[in-house]
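Shared between the two complexes below is chain A, which has chain B as its partner in the first and chain C in the second.
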Partner chain A sequence: MMPKLTLLILQNMHSSVTQGKKMIFSLAFKNILKSKGRSVTTILLSTITTIFFIAYVGLTEGSRHQLIKNSVEIYTGYAHVNLKGYREDSGYDNLIENAGLIDKILTKDPSISHYAPRFETYTLLSTKEKSVGSLVAGIIPSREKSLSKLQSSLLKGDYLDDSDSNAIYLGSELAKRLKVDVGSEIAMVGSSIDYSIAADLLTVKGIFKTGLFEFDAQSAFVNKSYLDTIMLSDNKASYFTLYFYDNAPIDKATKALQSSLDAEYEAANWKDLLSALVQAMEVDRIFDYISISIFFMVIFFVIMIFSYVNIFTRVREIGLLRALGLTSKDIFMMLFAEILLLATFSVLIGILIGSSVVYYYELHPIVIPGIAETYKDYGIVSDELPMRFDLFTIAWNALTIFVFNLAAIVYPIIKINKFKVVEAMRYV
Partner chain B sequence: MKWLLSLFFIVTSLCANEADLIIKKLEKNLRGDYMYAQMKMIVSSKRGKRTVKIESWSKGNKKSFIKILYPKKDKGITFLKIDNQMWQYIPKIERTIKIPPSMMLQSWMGSDFTNDDMVKESSLEEDYRAKLLSKKGNSATLELIPREDAAVVWGKIIIDVDLKNAVPVKETFYDDMMQKVRVMTFSKVEQHGSHIVPMVMELKPLDASKKKNSTKIIFEKINYDAKIDPSYFTKHALKRYSR
Partner chain C sequence: MFEIAKHLAWLTLWRRKTRSMMVIIMIGLSLGGLLSIQGLYDGMVTHMINTTIRSDSGEISLYAKGYRLEKSLDHRLTPLLHIKKSLSCIEGINAYAIRLQQEGLIATAHKSRGATLKGISLKKEREFGQFDTFVTKGTYSFGKNGKEALIGSGLADKLNLSVGSRVVFTAQDASDEINAISFRISGIFKTANKSLDENAVFVSMEKMERFLSLRESATQIGLRINETDQIAKIQKALQRSFPDIKVLRWDELYPLLIQMQDIMKVFNWVSYAIVFTVAALGIFGVMLVSVLERIREFSIMLAIGTPYIMVRDQIIMEAVFLGIIGYIAGAVLGWLALLYMSTAGVDLRSFEAGLEMYGYSAIMYADIRLYYFLQAFFAVFFATLLSVIWPLRVLKKIKPILIIQGKML
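Showing the complex of A and B:
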């Protein structure tokens, strides 16, 4: 007894063979509709794979993006203007000697939304019990509010203000190392820019916690106008930190800024400033791709085995089609058209669901309580794990699964086309 | 063959012994039991030239006390070194501060010397294995390689010695990667009591970014013969002798 589906195919085939290869596509479509179970399973397999892949890449890219964003926005900033050579040797020999001049240039630049000078020095902070080497930065407190997360990271006490003198704003881990609290007195000993000893007694005004462990353990801030009197650094700056209105095309923006500066100055963006982190991210991405490749291989073989089994349940049917005059090429085209239709449909559904998931978790990140504390040494500052919604990334993820679907069918088709017509029709 | 090997070992051993003897003689000459000195340190950098006047008291290579005399802003700042620890007293804030290990590689008073240079008690004789590279008349060149257990920062030191006076002429310091890091030259050799001392020392870092940097120390007074009061080598001295 010939199966009902095969009869239908034969009816179609009669006209298909006579009307030419255009009908192969319509035949494939009908095959999909008639073999609902097989089609649904193929669609489910492919759709879930697409969703999983888009979500996985969205999560890893989201974590990396979050890490870089934190590092940039907590303190570094999107770009710096400094004297050439400062990044290699951040000592006093490479200070901006006329900060007023740079200030004027940056004020006039319409692409810059916020900027401020910083004076950074390495000093010894000391209590009666303990001394710790620390980075002390002179900042303009009011302007830093829109350039860093120093103010919003306040843990205890108060943030600095522009009229402060002898007040210090300490990282939480540094405060722990020094065993001080808000109101404690600290001696600061450093070197003025003329290399004489600079020392003063400061009171802890506030303690901050950004979550960046190293930063919280080594950094302290004072009002720049006060620090300038101690370090003799009036109208001098280590660098200017700045935000552009649009920080996305950062390379282009930095290049444009560089053209407005004298040759002795350098405009460097966060990719240069955090080059070690950027490189670490690249290494991390490579390891991710290795994991993904293993995942791809598994997915590829799952799809291929499924396709193989599917096609081999249709050996007799294909033998009949061959007997009715279809060539091996026609069979290849028909089966390929089937998977093309199924893959297109499932990948589109996968894109729709996957991108919705990624978009949702970009807006409402997954929260794993305690993860920041556990991984604080790796720069994780939040318990939130956001995904990253990026259409280009989603497109290449989906395209990869689509190509895999198509590639996975090639071997089973070649294999089945090797059957002779009689052999195929007698296949059990 | 055996004869050749034996000869090689004898020559190597003799060279090593001679190098050790040179280093021993040099250290004995430069380090008395006690030393008092007044010196001028001229620090040149991209930012200009700066002169610091210093008075120092030391006992062997384990204990030393330093007081800044000039410039006025730094006058009265004192440093105490006992073994490998260092304290600093700053009159302006009336605080004695212990320099933590993390600050030991920071510049000392803006010079090309580090805090570690000031406190290190390394002895060329004890911490390095000496090898005679060349000897011609009264000049010799030695290579000093750190001993395995020595806590020193250099990978190698090449030292040119004036054998007649037992003083160094030039010391070239190499890092762990055997890259030249800095050169110290010694000049103006004078006799002070039983010691012959180079009165001028100049340190030049070789880093490309520090081409304009140098630190010159000129001894103005030096005395090896007077015993120094032990009270100089206590933490109380930091404040007491600051005035």
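Showing the complex of A and C:
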């Protein structure tokens, strides 16, 4: 008998609570329809802000992503394996002495899709009229095809092949500085790893243009097996560059790779290799958010003002509801439900439009003719400005606007709940 | 009559304190933020421009024709005597620096890098751009015998060099022969001019002339001009005097800096436009409610013969008061923030590498310019006026008698 009664009481309580909630939501909904001006303003502001925020972050993140992707994929690669200390002091003292051993380890690693050793040195490249100090890197041309954009950036002549000797592949700006073309001869003077003079005469086989201005102005490539004979660097490498099958979880992948290497070697990913660029992007992001935060602050105040004004035009009505038995908590719930409905509706529309815009411009980037030429010193290699469609970023952008909306109503509600019932009913 | 309208507007403003305060805080905070950002961003670009002018281009630079396209010693300024004489005759030139440079390879016992060797006069560079203030390690000198060198911080880092380290520089001389020169490092400089910090090594002009087997030659002559409005005039005068020499202003040499400045201007205008259009919406909300909740008061005033102009003035003044108080709050807030940022600076040394990559200083100093506050004033003024258009329209359309009778609104 007792349990049945308890159940009945509980059911009644539950049904009255549910009915109460329904009533509050119904009142909130009616208020939204009644206060058309405030509702439309809030919806418009929140929707436009959501679209703007999603599109703005999509564009800025897209540009940053593009910049990093170019730097990584043109030459650097997603990760390197080098001797510890090489990144701080990249001279001959920190070369990988047994490149074959690292080669074997990397071959066995199932997470690595492509890899190749590189030997980098700085030499004086001279023609009859001009000498320029330049990076000369020994690469394995066939393996480098899938690790960098050297081959696809070919401008004139031919890309290197694995049997080449005395052939050099030059950056377009470097070729201009040296005043050479395909077929020209260049003298290379440097020092081999035993610090003796290393010199040879090379023929320009091809000229490339990646668009990375500094890289094109300071880099030249030769077949590694040939360079090894000049620099006495057989079975040695400055580092190995590599791609994982999945480069997205790069920290995890590099950590796993590190565990398979001896303690004297280091696996470093692009975040370590391009730390200055990553930091520059971080600063850029901070300044972006500082700028946009002012816009959000104004939106926040406008929503708060409209909510405040709207609520205060209903003080007497709210006093009446309190007199009829609604608690201040019910009033809070009702007013909160109003903004909750408005914010949910506007943010959802904002997400729909904003993410569509971002998705479209990720597939069809905005093109600003001449921007790559103007900003070539800053690593911009293309006139295209793609947006970046990332669900997580879109979700937190939308959530920020949603929280702003809810936060904007808190003060007006607290203020109105301070009124006593009689005071509220007499409010003019 | 206007005095009464003004007084009524002032009293009405404080009748609904919270509402008015919300608008004032909104204008104040947004304006303060916009002014701070504007000053800081301008300061960043100004610093880049100043550093570039002081360390390299001056306000005007002279080059031999063809040199900038092809940096060869064949395209050099020579003889210098005639040029120097002419420069001393032109009024407005405050200082000049003669530089002779050649690209090559710099090497230590263990490492090497591409670099540019520049022959300079320390005395002239100090007069030109206080170059001595850029030296962060060692001394601003070429040693006792004038045989040492100053090196850019980025290049020194790449080569693991410190003061006292010995390096060898290899390059082609004027007769196209490969030549090498050895020197110790006497000082390391950091200008925030990326091309200098990462590539340049400075030696005495005498040493450079010996190394390149040249005399009385330069690849660049930089000029400092005190009066900004004289730059174009002096450029023309120089071009007339030296028709075979390229005379270029700093903004022609570094167009990107001017573009950055222009972009900042556009960015600031767009920011003001967006922020204050939205802010106008906030003021509008308050003004509309302020009019609607007193519509009976206004109707009675109009019914007993008060001219519409007085009622209109009262509403406009209400908005103007909100705007002015908000503007003052924002301007003071912005000014204080700018004052702090222009004296103490914003320390971003934890992002130093990233900032240096783009030529920014790790400690940023804001600019304070009068036009920021004028621009802000006009933005607030227009937002305020924009916000009362609709409420006044509503007021204009009312029929006072019907409202008093409760038959309208």
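Keep this in mind: the second predicted complex is superposed on the first by the 350 of 428 C-alpha atoms of A that agree within 3 Å, B and C clash if a C-alpha of one lies under 4 Å from a C-alpha of the other, contacts with A are read in each partner's own complex, and residues count from 1 in each chain.
Just so we're on the same page, a residue touches a chain if its C-beta (ideal position, glycine included) is under 8 Å from a C-beta of that chain, and two chains touch if they have at least 3 such contacts.
These figures come from a predicted structure and were not determined experimentally.
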Fit or clash between chain C and chain B when superposed on chain A: clash
Chain B versus chain C as contact partner of A:V410, first or second or both or neither: neither
Which superposed partner A:V298 touches (first chain B, second chain C, both, neither): second
First, second, both or neither for A:S191, with chain B first and chain C second: both
Chain A residues touched by each partner, larger count belonging to chain B or chain C: C
Which of chain B and chain C A:I250 touches, first, second, both or neither: neither
Touching partner for A:A199 - first (chain B), second (chain C), both, neither: first
Partner chain in contact with A:Q279 - chain B first, chain C second, else both or neither: second
First (chain B), second (chain C), both or neither touched by A:L385: neither
Touched partner set for A:D93, first chain B, second chain C, both or neither: both
Touched partner set for A:S126, first chain B, second chain C, both or neither: both
Superposition clash, chain B against chain C - the stretch among 114-122, 132-140, 204-212 or 222-230 that is involved: 114-122
Overlap of the chain B and chain C footprints on chain A, listed as residue numbers: 89, 92-93, 122, 124, 126, 131-133, 189, 191, 195
Contact set on chain A toward chain C in their complex: 37, 41, 45, 89-93, 121-124, 126, 128-135, 177, 179, 189-191, 195, 218, 275-283, 287, 290-291, 293-295, 297-299, 301-302, 304-306, 308-309, 312-313, 374-375, 377-378, 415
Residue numbers on chain B that touch chain A, as the complex places them: 43, 45-47, 50, 71, 73-74, 77, 88, 90, 92-93, 95, 97-100, 102-103, 106-107, 109-111, 209-210
Interface residues, chain C side, partner chain A - complex: 18-19, 22-23, 25-26, 29-30, 33-34, 37, 41, 70-72, 74, 103-107, 109-115, 160, 170-172, 176, 178, 256, 259, 267, 271, 274-275, 278-279, 281-282, 285-286, 288-289, 293, 348, 351, 353-358
Chain A to chain B touching residues, read off their complex: 85, 88-89, 92-93, 122, 124, 126, 131-133, 187, 189, 191, 193-197, 199-201
